[in-house]
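Below, chain A partners chain B and then partners chain C, in two separate complexes.
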Partner chain A sequence: MTSLNRIIGIETRRSGVVPVALLVAVPAAALMIASTSYYDGRWLRLAVAVRTVLQLALPLVVGGGAWLGMREHRHHLGELLASTPRPRAGRIRPLAIGLAGLVAAAYLAGFAAGMPFVLGRAGYFPVATLSLTAVGALSLVAAGWLGLAAGRALPRLIVIPVLVVLTAGLTGIGPMLVHDSSFDVDSVPPALWLTPVWTFTVQDFETVTGRIGLLQTIALLGLAATGLLLASVGRRGIAPALVPAVAGLAGAALLLPATSGAALADDARALVPRCTDAGPSVCVIAVHDYQLDEITAPAQQVLTRLTVVPGAPTRAAETMMDDRSGLPVTGPADTISFTDAYATYRSDEGFSVAAFQQGLADQAFAPDCDVSTIEDDYYLGVAVVGAWLAGAGSLLEPHPDDNFGDRTVLIWGPDEIDQADRAIQALRALPEARQTALVGQVWTMTRTCRPEAMAALMALGKA
Partner chain B sequence: MRTVRAADIAPQTYRWSIEARNLTVKAGRHQAVNGLDLSLGIGVHGLLGANGAGKTTLMRCLATVIQPAGGELSLLGAEVSRGSRLRGIRRDLGYLPQAFGYYPRFTVREFVEYVAWLKETPAQDIPGAVQRAVERVGLEAKADAKMKSLSGGMLRRAGIAQAIVNDPAVLLLDEPTVGLDPEQRLDFRDLLRTLGVESCLLVSTHLVEDVAAACTDVVMIHEGRTAWTGTPEELAAAGADSAPGDSPTERGYATVLGRYREQAVR
Partner chain C sequence: MRWMTLYARSRQVPRSLFVALASVALACLLWAVFSDDPTVSDRLMTTSVMLGAAVLGLTLGTVDEELNRPAAHHWPRRRALHLLLALGVLVALALATRLGPAHFEPFPVVLRNVVGLLGLTALGAVVLGPDLSWLGAAVWTLIGVLPFSGPSPDVLTQAATWTVQTSGTTAATVCAAVLAVAGATAYTFYGCPERAA
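On to the complex of A and B.
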C-alpha cells in the first residue's frame, strides 16, 4: 500500500467523511425501501428514484464538505502544516479522494437498497440507468468538493447553514417551485435540466436522451474541478480555479434542448412486446415484463371465456394510453388493449385481478364509435359482461386470487349494483349456449356501434 | 533501523545550519525580530528571553511559517527568501509550535505518520520512522490511543514525535517542556542531548534549568535582537551573587539580561 493510500485510509476513517457519507446513504436507503412501488421491476425508475434523493443529499454534502474543509482551522493545524513541504494541493488530496469515494459509494448504496426489488424481476435494462446513476454520484462528488473549498476559504460555522440553504434552493426547491407552477413539461425552462436533482416526470416507456447525461456530466465535471482547485489553491488561484465551472456550465448550456420535453424520448427497446409462450397470447411491453407472470392467468381466463364469442379477441396486449381519451390506444381487432397493468390495477394492498379482468372486459366491449353518445346503462352492462367473463356471481364478489376489496371499482351506487347483480345471476342461470349467444350478440352489436345491445342484457335482471 | 538516504551521506556545503544576518520579522504590524544576527550549527541551542522578546516570532520564521521582513536568513545553506528552495528546506525541518494543533480523532501513530507523509518522507521509510519517533518520546504504549485521550504531557511528547519523525537536520521546539512532569523533563533532556548529536536543535523555553542541563549553548534575545550568546557554563559564571535566581544559571540569565537592558538604555 502506498503512503498516499494509507493517508487516504486514515483521513477517511478519522476526519468525519463517514458521517457525511451516512447523511447520503441512510436517507437514500430509507427512501428506496419506502417507495418500492414507484420503481419495482424497473431499472430506470430506480435510478430516477435515487436521483430524487439528491434534493436532500446535495445540500447535506455541501454542508458536510464545508465542515471538513474547516478542520485544519478548527484544530489549529495551520502553523504546523505551513512548515511542511507538501503543498496545499497535495495536503487536500487524501481528504478529497476519501470524501469523493465515500459519498459516491453512499449514493450507490441507495441504489443497491432498491436493487432487490428490481434484480431478477426486470428483464429489460435501459442503458440510461447507468448514466443517470453515474451523474447522480458525480453530483455528490462536486458538491463535496465545492463544500470543502468553501469551508477552507471561509472557516466560520455560519457558512455551513448558508451553504445548505443556498444549495437546497438552487438545486431542489427552486426547480420544484418552477415545476409546480406549470403542468406542461414544455413550458418549463430547459435550464432546469442543469440541476442533477430529478424534478421531471418520466414514463416507463420513455428514456432520458444521451444529450442530458452529457450536458450534466460536463457541468458537474466543471464544478467538481473548480471545487477541487479552490480547495487546493490560495487566494491568488481563485480566478483560474473558476474557469472549469464557467466553461462546464457554458458548455452544458449550449447542449440544452430547445424544450424540456425534448430531453425525454420514447425508448424503442422498452416498447418491444414480450409475450407468453403458452395459451392465449398475453403481451406486455419489455419494460413491464416483470408483470407478465401475474397478469397472464387472469388475462387468459378472460380470453378463454371469449373464445365462444365469434370474432372476439384472441389475445391481450399492453399498449400506450391515449392522452386525449385516457383509454388504451386501440390495437388490431383480435387484440384487447390495456395500459400498464400495475399502474392501473395495483394499490398498496396489491394487484387486483378482478379489477384487471373488468378492465379487459371494458376494453373488449368498448363500442367502436363516438363514446359521447353512450349512456351509463351501457357501462353497467359491460360490468355485467366483465363479471360473467371472470366467472363472478356479483359485482362485489372478489376474484379467488384477490385477498382484498371488491371485484370491481365501486363507481356504482347500491341500486345499480343490485340491478347488475340481478342481471349477472339471470345470465348465469340461462343454459350455457344461451349465455354465450347473448354475450356474442352484445359483442357483435357493439362492433357496429349499437350500444343498445346492453339493454337486452340488463333486461334479464328486470324480468 | 532506518534507511540511509543519499542526502544523509552527501557532503555538507554550508557552515551553519541556521544563519541570520540583520534579520527582521514582523508579527502583524509589530516588528518582533529587529536586526537579529544568529549562527547555529549542530548541537542543542537554548533560546532564552522574556515574554515578548520575539522568541516565538523568530521560531515561526525559522520554521518558514512566516517570511522575513528584511535581512538575510539561510537554513541548511539555502536562502529562505527564495521560495523555490523552501520545499527542500522543509523536508529537513522539524517544528513543534508553541500552540500545537492536532487532529483529535487520529491515533498517535496515525498523526505521526500523517506528518511524515506531509514531510514527504519516502513511503518505504515511513513505518520505521514513525515507530522510532514514537519510541524516542516514550509513547509506544500509547501509540494506538487517540490524540484526544492524551494528557497534556503526552500531547507534548506526541508533538515532539511528529517533529522528529523525518530525522530533521534543523529541529525547532517552541516551549517543548510545557506540561511535562519532572520525570518526563529529565527524559526529555536526555532526548535533546541525543538529537543534538546529529542536528541543529533550537529550543525556545522559559525554563532556564532545562537550558543549563541539556543545551550546548545559549542564545538570549531581547526586543528582537541577540542580547547574548555563549555556553550554559558561561551563562552561569556571568551571574552576580546579588542577582535574583535560585541557581547559578538563573542568576546568570538575570545578570546578563539586566546588563543588556542597561546598555540598551544608554
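On to the complex of A and C.
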C-alpha cells in the first residue's frame, strides 16, 4: 500500500493532475467569493451554489481527464508500454486515484471558500448539505474518469474542446435553457434531476429529498465505474465496461420523481421560529437565524411606537409568501407578518432599515378586506404612517442606520411625495396624544375595512 | 497554392473547419427544434462560437515550431493572415446562420464575442502553445454562461462576464477589444512557443 501511495504521489506530481485540479479550484473559489449574497448565512444555499459552479467544473474536468488519458499517445509511448508486462489497469490506477482525490479536493476547496460567510452566522445546519456536497465531489470523480476513458479512446487534441463543450451543453447549458422556457418547476422534465449541476430554484426553507441524492449517487457511481473500466480494459472489455453506466442510469431513471417539484420539500426544522429574548417579540424562521440581529432593533422600534395604538400588533414574525398575492401569509391578529427580510430589503448597498420598517407598516395597516376596492391614496397614507412609526420627517429621509435612502419611494411621483411629506410634518406637529389618537383611529378603521380613514390623515397636509 | 495546401494540412485545418461548422450548425439545429424564437440564446451562441475559436486555435501552431522558424518566410505576415482568415471563417459562419431558421444575433454581440474569443485563443497559443490555446477562452466562456451571470450594471461584473453582456456595454466591448488586440499582436510577432520535436 505504501508503494502504491508513493506511485500515486509521483503520478500526481508528474502528470497534469495538479493543474486540472487548480483549474477547478481557483475559478470555483473565486466565483463563490464573488456571489456571497446568494448563500451567506445558509449552509444548504452554500452547497447549492457550489453545485451550480459544477457547470464550469464538470466540463473542465472531463477535458482535463481526456488530456491525461491521451498522455501515452501524445508522448508516443503506446508501443513501449504495450511491451511491458504490467497490465494497463495497474498503470492507470495511480493516475485515476490521484485525479479522483484532487478533483474532489478542488470541489471541497470551492465549498471551503464560501464557509467563512456561513460559519458562525448560520444557526441551522440542514443535513442535506452533506449529501449535496458529497454528490458534487463524486460527480467530478466520474467526470475525470470518463474523460480519461475518452482521451484514451480518441487520442486527438481536437476531441478535448469538443468534449468540454458537449459536457457543458448536456449537464448545464441545455438544462438551463429548458428551465428558461418553462413556466414553473413542474413543467420541467424530472429527468433534469439526473444532472449533478444544480439548475433548480430552491427556497431557503426547502430541502432536496433524499431520493434525489440517492438517484444521483447511483447514476454517478455507474458512470465513474464505466469511466475507470474503459480507461483500463482492452477492446474485449468495452462492452462489459458499459454495464455499470447503463445500470446506474437505468436505476436512477426508475427513482426519478413523477414531477420535478416533488424533489423539493419544505424542511420542517428550517421553519421552526427563532425569537428575540428581550423587548417586543421579533421572530424569524430557523434558517434565517442569521438575520435576527440586524432586523430586531428596526422591528422593535416599529412595534414600540405601535403600543400606543389599542389592539395593534405587539409582535413581528417571518412567514411564507402567498404565491397568489405575493404578500406575506398573515398570522394571528397580534402579529405583523413579513417574508424573508434580506431577500426583500437587502441590495448590494446593504440592508435597508427604512424599507423594512415601511414594509412592516404596510403589513400592519393592510386593509382587512378586498384590496381591489382600495384606491392609491390609501397606500400613500400607509407610507405616511410608516414614516411616522419610523420617526422619519419625510418619505425621502433615510433611517439613521442606512447610508442610502430607500423608503420604497420609487413607486411615488414627486407630487405624491410632496403631499405625503406635508402630511407627515403636519402629523408630527400635532401634540403627541393627538398623533397617537389619529394613528389609532386609522388603525381601527382599517380593521373594519373603511379605507377612507386615510383621507383624514392626508387632509392634514392639505390644511 | 501547393504551399497553402501543405500549410493547411500540416495544421489540420480541414478537421478544425469541419468541427467549427458542425458546432454552429448543431447549435442552430437544436435551437430551431426546441424553440420558437428565431434568435439563438446568447449562451448557446457564445458557447458555439467559443468551440469554433477553440478548434481554429489548434491550427495556430504546428507539431514542430522549431523546425518551421528557420524557413525563409515572413512568418509574422503569415500568422496575421492566418488569424484574419480564422476571424473571417467564424464571422462567415455566424452570418450564414441568417439563412436558416435560427440566427446568431444581434450581430454586434456576435462580432464582439468572435473577435474577443479568437483574440483570447491567440493569446493562449502564444502562452500555452496551440494544444491548450483554447483553455482561457473555454474557462471565460463557461464563467459567462453560468446561471448567475448576465447583464449587470456593475463594471467589474460586465468585464468578468463580457460574453453575455448586451450590445453597447462599454466594459464588455473594451474587454473583447483588448483581448483581440493583445492576442493578435502577441501571436503575430511571437507565434507559438518552440518545443522539442
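Descriptive notes on the structure:
What we mean here is this: the second predicted complex is superposed on the first by the 454 of 463 C-alpha atoms of A that agree within 3 Å, B and C clash if a C-alpha of one lies under 4 Å from a C-alpha of the other, contacts with A are read in each partner's own complex, and residues count from 1 in each chain.
The rule is short, and it goes like this: contacts are C-beta pairs under 8 Å (C-beta built on N, C-alpha and C of every residue); 3 or more make two chains touch, one makes a residue touch a chain.
Everything quoted here is computed from the prediction, not taken from an experiment.
With chain A as the common reference for superposition, the partners chain B and chain C occupy compatible, non-clashing space. Superposition on the shared chain A places chain B and chain C such that, viewed from the Cα centre of chain A, they span 50 degrees in steps of 10. Looking at the shared chain after the overlay, A:Met176 reaches chain C, while chain B stays out of its contact range. When the shared chain is aligned, chain C comes close enough to touch A:Val162, but chain B does not. Looking at the shared chain after the overlay, A:Leu80 reaches chain B, while chain C stays out of its contact range.
Touching more residues of chain A than its counterpart among chain B and chain C is C.
When the two structures are aligned on the shared chain, A:Gly63 is found in touch with chain C, with no touch to chain B.
Taking all C-alpha atoms of chain B against all those of chain C in the superposed arrangement, the shortest distance found is 10 Å.
On chain A, the surface touched by chain B in one complex and the surface touched by chain C in the other have no residue in common.
Put simply, chain C touches chain A in their complex at residues 12, 15-16, 19, 23, 34-35, 41, 43-44, 47-48, 50-51, 54-55, 58, 131, 134-135, 138-139, 142-143, 145-148, 154, 160.
Here chain A touches chain C in the complex through residues 23, 27, 31, 34-35, 38, 52-53, 55-56, 59-60, 63, 157-158, 161-162, 164-165, 168-169, 172-173, 176-177, 180-181, 199, 348, going by the rule given at the top. Residue ranges on chain B touching chain A, taken from their complex, read 60, 63-65, 86-88, 90-91, 93, 95, 97, 99-106, 110, 113-115, 117-121, 123, 126, 162.
Those residues of chain A that touch chain B in the shared complex are 2-4, 6-7, 10, 14-15, 71, 75-87, 91.
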